[in-house]
Structure formats: structure tokens, C-alpha cells
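Here's the structure, in C-alpha cells; my notes come after.
Should a chain be cited, it is by its letter among A, B, C and D, assigned in written order, with residues numbered from 1 in that chain.
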């Protein structure tokens, strides 16, 4: 298993620069992740999955992110949708959808972007009719099932649901062309008179989320933390490869090998300390999240708040570690590292692209409210 | 127990500024630490101690450091000397000295400063005669037992030993007057024809330390990490107190309370993230140290190296967190915080004083050697 | 002249640590500054002064601040009050007070603290009666003349005036005991039924300041900039002295002299770059201020805004440079630098004390408003 | 003139993202620069040029760099080669080549890369025969004249010369495909049995450069400084445009417009302060360089050293300002700014590519040698 994973990671690493250049849908690599069994890690054993713990799942996401943060994003978002079903789904829904996921190894997509209010659900008997568009629907291309959020037309409140991606009226658009995270298929999905059945509803507009249910945001945030931490470690590892591949020390350095250049040692140490701190804080948050998750509906607001705080702390450190290492990598390569063919700028383009949905400033403010006022993060779309 | 500790910590906190001003020997406060049973935490139960784990011991050191990093230093150095006996002492030595420590609640001092080669040991039958001086002998004033290191006159190598502090010819000098860490009694100790018996030798000059024995440096370094991390948390807590005690927001701020000042939230968040990372990395290192320690002489060089690396990582983060919070504290208090009577500058003076024995630059270089060259820290006086 | 100044600076440097320890009034040193003719630099030649330009005056303030930022503060505040008379005073007032200043070499003090509204002026014929207290009245002890601001009791508006410090009812208190800037005599002044004559009024409560008059804030802010920049350069110079006085390189460094330690070179470079940038930006702001000042009442709001912006930019850089160098100094000295007798912590205590009246956060916000919104700093008490 | 330049800059700005995407030779834009008369700014009036001062020339380079740092690079390198002729050329050479430059508005290229020793010059009568390759020959494509450096085969020393780019045996290769600075044509030039005449030699292998001649390195370094400073200002200006184009404040911000977001103000202030400091230090260095240049061969080593130091100081600040603003720009745009079509990542790719030829670490070390040891930068290929 470990060997299989290692060789999969090596394959992703070796092809990442090329795939970054071409962008688009990574059908083959998604297939490899599926064949490696990675899609069923979050499916409980009772539904035929591997039933791994969340710390294990986040760790594998981070390892994939080290070599290819776009593929890691797809893998993590798959598990995030599974978590959504585990949190909001009733027993029947879980049984049906998660067993199918385990048996068929199917990918989950989503149309959940909470800031995008363009998708409307109009009452239609016991179900709804969906019309509108959602942006940033990472991973929906190539998925068989998807989660979604929509504005309930009459109440203005939000509902969550699950649909087969192939249902009539759903158009997964190929309109994702960003500077980084290029193979996450984070384009838009258009819904034209799409029927949503009652038993497809995860959360009805009128329901008020319990502390346990608001953990869904924590799961999502911890995905970002591990993607960032993975990019930090991956850029550092790339830096190490590039440095060790250099024949000569830097022109001004009075040393015989680059491994003795005092300033190079400092630059590596700085990257290392930040990447290590990011990983350790991410792991700590995953343990706390697992504990909170295992409480189910007995989870209290305070423990939920402590999890959200730990994730926010880890996110700040990981965000900075990734931006730092992705930029610093070039100090190690020198001018030769800027050849377009190497694509070494992809680490920076990836973290830069992925780090903007939720401004660091407001994550810090949330932490500041705890530190100064002892107010836990309020459960929101981002905390 | 917890209440007793809490009230002891509160007492130390309340008196810290005054004691920082006067400096000198904190006989009363050392007495309180002893009465609280804190001296026997590191003594194994078989010798009558409390037999706490090292993570627990480091945690209590850190909590003391939050309110008074000088007293925490004394407590930690006591345990460091106990660790020295546990690492280097034979069964008889451990039995004798550690049982006595547990029974009488006696304080350990030291004359171990590895960089100070002025203390010489001349052969004298089966023992030695000691002459010379050691500097930075923290905690020796008021101790009943002490560890020491001395240069063996004929071989130039170093021996380690234990002596009663009151032995004839030992003069514990009152010459410690620094800008910070003022009550650590880190003055010099003079030895004039002091007899050292064979059974007081912990490590003879000819012996080569095993990986297990070199853990002694790790124990010492992790003391520093926790003192730094404690100062970081303590300065942050002081900042919180000062902020909450302010009647009004800052003059330029368009908010109704200081807890809503957006920039104040950022400053607290920054202190909080750094202090949290320092604590989490310190805890992780303590767990790794405990695991390595429990291997005793079966400990291999690689596991020892991994412990040293984790401690170095934590030290860099804690060093910076403490300097940052100690300086930043004043942004929260504003000009009123600079009244000499408050003594709020002591956090900075404490960390500044304590952070200089082992330059951060070379700790980073050690980490860089691992990150770039995959070389573990070599066991030295500082790693 | 230059030699005389150099030797005065050297005298201040040599005695600064001792005087920092004792605090209190620096009568002797103030006398030396006076004898060196420094008090008349800002007095126009037509009143018998030296009529130096403001860039020259700020430069000498900065040079004094390099060796003793408390004395530099006194000198700068003297010139600031002279500037106040030049800006607000009528021809008669200028003639009377400034000629007297030039002839007698008298020191100016102040009770101008704009945030302290405790000093009230009640109408009394054509003048006023003053009652109340002002805090932070730097330099008033030992002065013969002083400026003051007071709240006009009936209108709530502020008036500015000049008084002989010795007038009946004025009590200059000896209540200044801070952690830094200890010899600035920045204590409080109490006014008990103090008579203020009509011809002592600089600005009546009903008057609205012109752009030219609001330059007074710019003069005050540029004092702070140059004190900070001087502390930065002074701490760097102290670092250089300490480094060059060291017999040996740092224990871990594989070099033969400290001047070859690669990390020491980086630490000096960092201090140097910041201190240099602070000085260059301070000089640029002084030139712009001189240009704006020379416009007198023809000065427009835009040019005034550009001056205020340049001063704000310089202040941010100088603030950081000073805090950085004052802390960094200890990396150079190592542990020996923490001896209380050396008093090397005074640089940090000085900048820390002096940098808090006007939070950096809101200075940055003012700059941000220009950068993002193209809004010049509004003339306020701090911009 | 000013309007013409403004409209040229606006044209470059408007097309920069597209041209960054396609890369390759910017023939049309180079033509526009030529038509605007910018090529003759450095040509003395006596040769028919505009005879602008170096501060003016560097300023226009910086302004071009704000909108397109690749084109600015070409323009600056043109003037650098002109400076090379002014420094090393004899009266006849200057007359011939610079008059031609002024009359025909011809572009200069180069094959001067000092680290690339592959181009050899063999003695051939009074001249030489050139064989080999030079890399990073920015601007040679499309040039009519070029400077070059070559290793003298028999002595191993370096000669400098000028050649018509079209001479037989010179092959300007189209092999430049980097991640940034994509239109600088910095590919390689191959020389196959190229004849170099005696009167084309600027510096013979046996000559030892005078302090004045070593200013050539200062001219080259100050080009980099201004390109970096321009990128910093340009990225900041782009950030301002993007922010002002946003319809709404950030999702978490409790403000009505983005111009009131307190954290946005801080981010802009930070970019602004750094970019301003970079520009001011660059201008100061240009003034010092002009003064040194005007001394010609009477220039002493000390004044030369002071110029090199000022350039190094400016370079450190500009390097950091550019990397910071280029990265920070995205905090302002949010996720929408990552659309590949906008090409906003070009600022970072440009500075990242251009900042690697001369590692920041060793520039800092040079500054450190001055600050700690009072050693001026030694005249080298980079200082």
C-alpha cells in the first residue's frame, strides 16, 4: 500500500509541471487516485469503505499536495463532500450514496460555493426546481455525484442537497483558466430547470445547523490548511532537489559545495521551520477535529469553537509557509530555475491562486477576537 | 493540587515586577516552589519522587515562566541536574542523591557551563582536587547539591561530577547583576582546593558519551525552549490584561471598545499564533524526548538526532515568539505602559538576556544542515 | 564648531548609560548644549540667532539622538516651541521672545500635549485665567519660557499661548519615572489661577488654522522621526563598537574574526539598510518641510499634504529601524552585553517609550489612505 | 514630450499582459521607444544626443519598468552599453559610435555576461578572432551595435569590445523562454570565427581598470535597482487600479467601500512605504553616481566605494519592495485576480526572474562588511 502510494506520488510529481502548463481535466490522474483506493478512505467500514480517521485522510491529502496541489484539491474536495453526507445525511442517504461511492469508486463534485447566490431553488411539490449558476465548482467535472447549496427562492435561506452530476439540466462548464491550481476543474456549473427530489435534500432551508453540523466548515477549512502545508513542504522538497542537483556553489560563496553555503543553510532552515510548524499545527487541528466529530450531536459550541480556532491558527501558519517557500525556492535555483520549461513558478501560482478565497486578514481578526476578547470563532461560511 | 499551583503562580505573577527590580536571591519564592512539591516531579517514584513525565515537567516549567521566567529557570535547572544524575549516575548514586532530594525537598544547583574552561581538576588519588571558577552557575545559591563540569588537568578532557554545595572550598558568589532574568542567581562559583571523591564522579574524563547520554544537551535545550515559550505566552497574557484594563480605545480608532480595534485584533492574533506555535512545537519535542529517554542505552543516533532537530525547530519559533510578544506588549498599553513602576519591560529584558547564550544563527544553520543535507544535529554542547 | 560638537556628542555618549540609570534632570548636559550654541540654530538671524535651515536643525537633533535620545528630545522640543512662535506669533511676539532666546540662550519648555484636556482657560478681561494640569510636558523643567495649549472653558475650543515658566501659579512637577527617555523631564505641570495676558496668546480659541499653521504638527512629527532615526543609527554604532571590542568570534562560527562571520555580516547589513533608509527619508522630508515652510501663508493644502505624507513615510521606516537595531544589538554582544552596568538595553527602552504616543497602526492607515484613495493626511494633532 | 511619454507608457501598460503571454521580440514597442527619442538620452549633446543626466535616465527607465519591466530592461541595457563606450572608449570610438547612435537612433545590444567564460578571443594580427557563445545577451536581437566581453585565449584575461551585431559569424539565437521578463531577448549569441579589429577594442586584456572604469558595474547595478523599484511601483499601481475597480468590499469586511477596509489600508501602506523607500534610495544613488561619473579619471576609490554602497543599499530595498508588492497585489484583487487572462502574476514572474543573477545574500554581505568593518565594496562584476 505504502509503496503503491509512493509510486503514485512520484508519478504525479514527475508530470505536474507539464499538466500545469496544459491545464484542463486530469482524467488519467484522477483515475490513478481512484485505483489507489484513495476515494474510499473517508467512507466508514459499514458502507464498505476503508474508514480511515480524519488525521490520516488529511495527511494523505497533504502528501499529494506536496507533489501536485491541484490533484490534492480534487481528492480533498471529494472527501469533503463525503463528510457533508456524513454530517447532514440521514441513515438512508448515507447508506445509499456512500455504499455506492465505496463500491463504484465514484468521485464526488460540488456546487457549494457559499458566496455565490445565483443558484435558486423554487418550491415544486415536495421537492424543488433549480435554476441558475454556481462558480468555483471544483471537481464536478468527471464526478458522478455532487453536493450543492442553493438559495430557497421564497425564504431566501439556503438548502443543501445531493444530486447525480448527470441529471438533466446540469451543465458542467469548461471555463476554468486561472494562473494556478489549473487542474482543479473549478469552473462553473449551470442548472436549467433541474429537479431536486425531497430525499435528495441534506439540509432544508428552515433548519438551523447544530454545532456538530457547523463542523462542515471546519472540514473545509482544514482542507485548505493541508493543501497550503503540502505546497510549503513540496516547494521545500523541490528546493532541496534543485540545490542538490547544482554542480557548483553560488558565484560569490566562499565554500566548496552548496551544502556549506551559510546563507543557503539559513534559507533552508527558514523554509523548514515554517513548513514543519504548518504540518504540526495541521496535525494537531486534525486530531481535535476528529475528537469533535466523534461527539456527533453531543458536540458543544465551546469544543466546536476550539476546533475552529486550532484550524485558524494552522491556516495562518500554513498560508505564510507556502507563500514563503514557493517564492524562496528561486533563491536556491538561481537564474537557471526561471526557464519556463521547468515550471518551478507553479508552486507560487498554486498557493497564490488558492489562498485568496478567504482573506488572511479576517482569519487573523478571528484569532485576535479569541486572543483579546476570548470569543470563539463564530460558525460562519469560513470559520 | 491544581488550585495550589494556580495560587502559587498568581503569587509569583503579583510579585514579579518588584522582585525584578530588586534582583538578588528569591529565597521565599524558592521555598514556595519547594513546598508545592515541584522539586520532586522529576524524581522517579522508586526514590520517593512524583515520577512525572518530562512533558508534564516541561509544561509546569512553562507555566511558571509565564509569570516569572527567572523562577522558572531555577525550577527547570533543578530538574535538569536531576536528569543529569538519571542519565550519568550509577544506581548507587541515583539512590543516594535522588532519595535525599525527594525526602528533604532539596534544591540542586550547578557549575556546568560548558564554555567556561576555568575550572580544573587535578588527579588526587582516586579522586580529584578542584581549583578555579565557573560562571553562569544558575541556582547554585541556596542549593544543597550541585553538578559540575571541570577540565581534567592532565588530559584536557571534561569530567562531570556531583558535590554538596557546602563543601569546604566552594564559594558561591553574589555577582549576578544583569538586565534580565535577575533572580536566577546565575553568578560565579569559585573552587579553592575542593576535594572531589571517586564516587562523586558522574562521567570520567576518558569516557565517550553514548547517544543516550548526549540527551543531556537535549534536556538543557528544551528547558530554554519552554522558558522562551512561557515568556511569549506570559507577555501575551499581560497584553490581554493591560488591554482589558484600558478604559478607552486608542485615540485614532473609530471603535467603541479596544476589543473592536481592527489593528489591535491583528496584533493579538500575531502574538497568539506565534505563542501557540511555540507551545505546540515545545510539547511535540517533549514527547519525542520522553520516547528517546525511555530507550535508555538502546537509543540510536538517528532517534537522538530527530529529538535534537525537533527541539531546535521549537527553539527557533519560541525565541522569536518571545521577543515579538515582549516588544509588542507595549503597542497594547500605549504610553502609560512605560511607567517604570509597572516594570512591563521585564519580559523583553528577560528573553533578551536569556536568548543569547546560543546564537539563533547557528541554531538555524543546524536546522539548515538537516533540511538541505539531511544531516542530523551533531551532539554538541548546544544540540 | 564641528570639533566642539563632536566632543560634546562624545561626552554625552560616554555618560548616557549612567544618566539613564539615575534619570532626573540633566542640568549639566543641558548647559553644555546651550553653551554649544545649539539653542539658537532655529532663531532667525534678524533676531540674533544662527538662522540654520530646518534640515540642518533636524540633522543635529538626529546626531544628538544617536548618543542620547533624551537630550536630543529636549533640544528638538526647544526648537519645536521656537517653530511654534515662528508659525503662530505676530511680529512683536517673535521679536520679543526670540530675541530674548538668542541673547540669553534660554530653554523653551511646553505644556502642549494635545490629548490632555485637563487645562482650562477661563475668560478674564482681555486675557484668561488658567487652572488644571498638563501631562508629558517635556523640557519644561529648567526652561524660562513655555508654550501651552488649553481648553477655552466657554467655547470648548483650544487656545495656544506663551508664558514665562516662572509665572506665579505654575508648578513644574518632578513626576517623570519611565522605563526609557528618562531625562526628558516629561512630567506634568500644574496651573493654579495662572494669569494669561492678551499679548501672550498665540492662537485664540476662535481662530481656524491655515495650512501654513498646521505645519506645526509636521514640525512635531519630524522631531519624532529624527529621534527614532538617531536611535537606530546610535544602536547600530553601539553594535559596531561592541563587535569590534570582542576578542573572539562567536563560539559556533568557523571564522577567525567576528568581521568574517557571515551571519554577523547579515545582521549588520540589515541594521544598516534600515537605519540608512530612515535617515535618507528623514532628510527628504526635512527638505520638503523647509520648502513648505518658506511659503508661509501662501502654502496650499496639497503641498502641506505632501509634506505630511513624506514625514509619515519616514516615520514608519524610522520607527521600525530603531526597534530593530535596539533589539538586534544584543545578538552582537552576546550574553556579556546583558550586564546591567553596561546599560545597553537603554536604546530599546528609549525607542519603546518614545514610539507609543502615536500608534504605528494609524500612521500606516494614513499612508494607506493616500496610497489607495489618494487622500492626503488630514491636518490633525498627529499628521 | 511629457504627454508623448505618458501616452507611450499607457500603450505599453495596455499591451503588457498580452506580450508577456506571447513572449518573443517586441519589435513594434522597441520602435516606439526609439521614435520617442529615448535612445539618445545618454548620448552627449556633442555627439548629437539629448545629453540627459543619469538621474533623469534612470528615472525614465523606472517609469517604463512600472508598466513593462521587460521593455525597461531593453531600454536600460541600451544606455548601459552607451555608458560602457563613454567609460572605456577613446575619443574616436565615442565620436564614431555615439554619433551614429544619435543620428540613426540605433539600438545597442551586448554579449557582456561576466560569468560566462565560453567566448574566446585568439590573437590575430592586431585584432582577434572570436569563437564561442555568450548567454543572457539581453537586447542583442534587433540591435545594430553590441558590446562584448571575451576571454583572451593566451592570457586568460578579459577584453571588452564593440562590434556591429550584423558582422559575419555572429548568430543571435532565439532561445529565451523564461517565466518572466519574457520580452528581453536575453538569449544566447554564438560567435563563429568573428573578426575583431584593433579599433573595436574598448579594453585590452592587459589593462587594469581605474576606479572610474569600474563605475561600469555601478551603472549596471543601478539599472537593476531601477527595474526592481519600477516593478514595485508598477505592482502597487496595478493594485490600486484593481482595488478601485472592485464593486464591493471584501466579504468579511464591515465597511461600505474597499477604501475604508482597515486591513486594505495597511496592505497599501506597506506596499507604498517600501516602494517609496526604494525610489528615494534609487534617486539618491543616481545622484551620487552622476557626481562620481563627472569626476572621470580623477575619481578616487573611496568615492567610488561610496557610490557602490549606496547602490547596494537601494538594491536590497528595491528587491524586497518588488517581491512584496508583486505578491501582495493578489490580496487586493481576491480570487478574481487569478484569471489567467489578466496575467497579474507577471509582476512576480518578472521580478523573480530578474532578481536572481546576483543573490541578495551576497549583496547584504557586502553591505555588512561596510557596516561592521568599514570596508567599501570591492569593485567586482557585481559591485
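Heads up, the rule we're going with is that a residue touches a chain if its C-beta (ideal position, glycine included) is under 8 Å from a C-beta of that chain, and two chains touch if they have at least 3 such contacts.
Because the structure is a prediction, the values reported are computed rather than measured.
K.L.:
If you take the chains that touch subunit A and keep only those that also touch subunit B, what is left?
P.N.:
Under the touch definition, subunit A and subunit B have C, D as mutual neighbours.
K.L.:
Where are there more C-beta contacts: B-D or C-D?
P.N.:
More C-beta contacts join the chains of C-D.
K.L.:
Find the geometric centre of each of subunit B and subunit D from their Cα atoms only, then give the gap between the two centres in Å, rounded to an integer.
P.N.:
53
K.L.:
Taking each chain's centre as the mean position of its Cα atoms, how many Å separate subunit C from subunit D?
P.N.:
Taking the average C-alpha coordinate of subunit C and of subunit D, the gap between them is 41 Å.
K.L.:
Spell out, as numbers or ranges, the residues of subunit B touching 2 or more other chains.
P.N.:
262-264, 266-267, 361, 365
K.L.:
Note which residues of subunit A are touching subunit B in the complex, please.
P.N.:
Against subunit B, subunit A makes touches at 236, 240, 243-244, 258-259, 262, 264-273, 276-277, 280-281, 284, 313, 316-317, 361, 364-373.
K.L.:
Sort out for me which residues of subunit B touch subunit C in the complex.
P.N.:
115, 136, 177-180, 250-253, 263-264, 267, 323, 327, 330-331, 333-335, 337-341, 343-345, 348-349, 352-353, 355-357, 359-362, 365, 382
K.L.:
Using the touch definition up top, name the residues of subunit C that touch subunit A in the complex.
P.N.:
Going by the criterion above, the answer is residues 262-263, 266.
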